[in-house]
Amino acid sequence: MWVGMVIGTLVATPKDESLIGFKLLFVQPKKFYQKQIRTPVVAVDTIGAGTGETVLVVEGSSARHLIGKPQGAVDAAIIGIINNIELNKYLLEE
Amino acid sequence: MWVGMVIGTLVATPKDESLIGFKLLFVQPKKFYQKQIRTPVVAVDTIGAGTGETVLVVEGSSARHLIGKPQGAVDAAIIGIINNIELNKYLLEE
Amino acid sequence: MWVGMVIGTLVATPKDESLIGFKLLFVQPKKFYQKQIRTPVVAVDTIGAGTGETVLVVEGSSARHLIGKPQGAVDAAIIGIINNIELNKYLLEE
Amino acid sequence: MWVGMVIGTLVATPKDESLIGFKLLFVQPKKFYQKQIRTPVVAVDTIGAGTGETVLVVEGSSARHLIGKPQGAVDAAIIGIINNIELNKYLLEE
Amino acid sequence: MWVGMVIGTLVATPKDESLIGFKLLFVQPKKFYQKQIRTPVVAVDTIGAGTGETVLVVEGSSARHLIGKPQGAVDAAIIGIINNIELNKYLLEE
């Protein structure tokens, strides 16, 4: 899983019917100590997240299974809202 | 999922029979605020998209399940046409 | 899926028995308008492709399902030979 | 699988119920002889690892299957604590 | 699949019980004509490979299925020892 910030929303019409009723959010992966930003990912919100919140994202087939639709058109989902991160910076490689 | 623009089409003969009847489109992932362009992906169109449209793409096993063929030779599918994107640029990391 | 050129062949002995009877080809992903070349991938040929041909490659669990062996040791397969690509260059981001 | 160091912890509320009872750890992939650091990954701990330990991480659907929940919201898991690595540096490409 | 060289071994205790009895090897992906080296991957050996050998590696859910354990903690496996590679260098993009 990875940590990112919800930076926006997206509306698609038409869209696959498995997505109907789900909110689609743009999530920018957090850079931490890296130099390059990464591309925002579109994730299904399963937890009630909103713009500006730091969230936990799962990718791949686990995201599809999560929405309970075996044919679901989903490969990324928000599965948590993050309250606290504790990193030991002395352990980071440079 | 990710957002891209349909930039072209592709014809393959022979091709795996699971692909027969599906349109194959080139989709260029949108860069947003990144520096590098990314390689176009070949996606199956399940929604009726055309060149010049901004679309939502799902990858991996979810794309295969979507076309309803358990043995389908598919790892990317267009699942929506995007009407509107709202990004809060102030939330972006630089 | 992605587009590449068959640039060579590979012989492995011993190899997993699910691969016996399949041809293994090196496929170089096409760069299009990118600067960096990408590493050649080893793909199972399911279509009768040969060196010098431009092919369509599927990756992940879809490639395994394709060869009809649930325990198959495969994560990339050639699923089509490409005759024609039409790209609208004016739509490309730079 | 890949090798990394546990560099911290993370608390998420609310979170998907499949994660309840599991510890979420930040793992920094080890660079070895590379120049760029990679982004820390959030992995479920299945082995009892702690900050400062070098661990083995599995990704993708294998991580989900590991926690024994077919609908689990998991795509990365710590599956071992590493005691010893022996690399033959003369075999490395530069 | 991809081609790499076995550059070392790894011992993990404790480790997930699905790994017991399997040898874990570090495999460095071969660069071919690329500039950047890639990070070594930890793969389960299913074929009897050793340090210094050039091997074929499969990733993802195919690697898990290969060891015959539906809950196996595996996302990469060595599936062949490579005897011969024939590349047509004139077909490479630069």
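Side notes on the structure shown:
By written order: A, B, C, D and E. Residues from 1 in each chain.
Following the convention adopted for this analysis, a residue touches a chain if its C-beta (ideal position, glycine included) is under 8 Å from a C-beta of that chain, and two chains touch if they have at least 3 such contacts.
Note that the structure is a prediction, hence the values are computed from the model and not measured.
The chains that touch both subunit A and subunit B are none; no such chain exists.
The rotation relating subunit C to subunit E, fitted on Cα atoms, comes to 70°, given as a multiple of 5. Mean C-alpha position of subunit D lies 18 Å from that of subunit E.
A straight line joining the Cα centres of subunit A and subunit C is 30 Å long.
In subunit A, the residues that reach two or more other chains under the touch definition are 30-31, 38, 60-61, 63.
Beginning the circuit at subunit D and passing next to subunit E, one meets the chains round the ring in the sequence D, E, C, B, A. Within the complex formed with subunit C, the residues of subunit E that make contact are 1-3, 29-35, 38, 46-48, 56, 58-63, 65-66, 68, 77, 79-88, 91-94.
Residue ranges on subunit D touching subunit A, taken from their complex, read 5-16, 18-19, 24, 26, 28, 30-31, 36-43, 51-52, 60-61, 63-64, 70-76.
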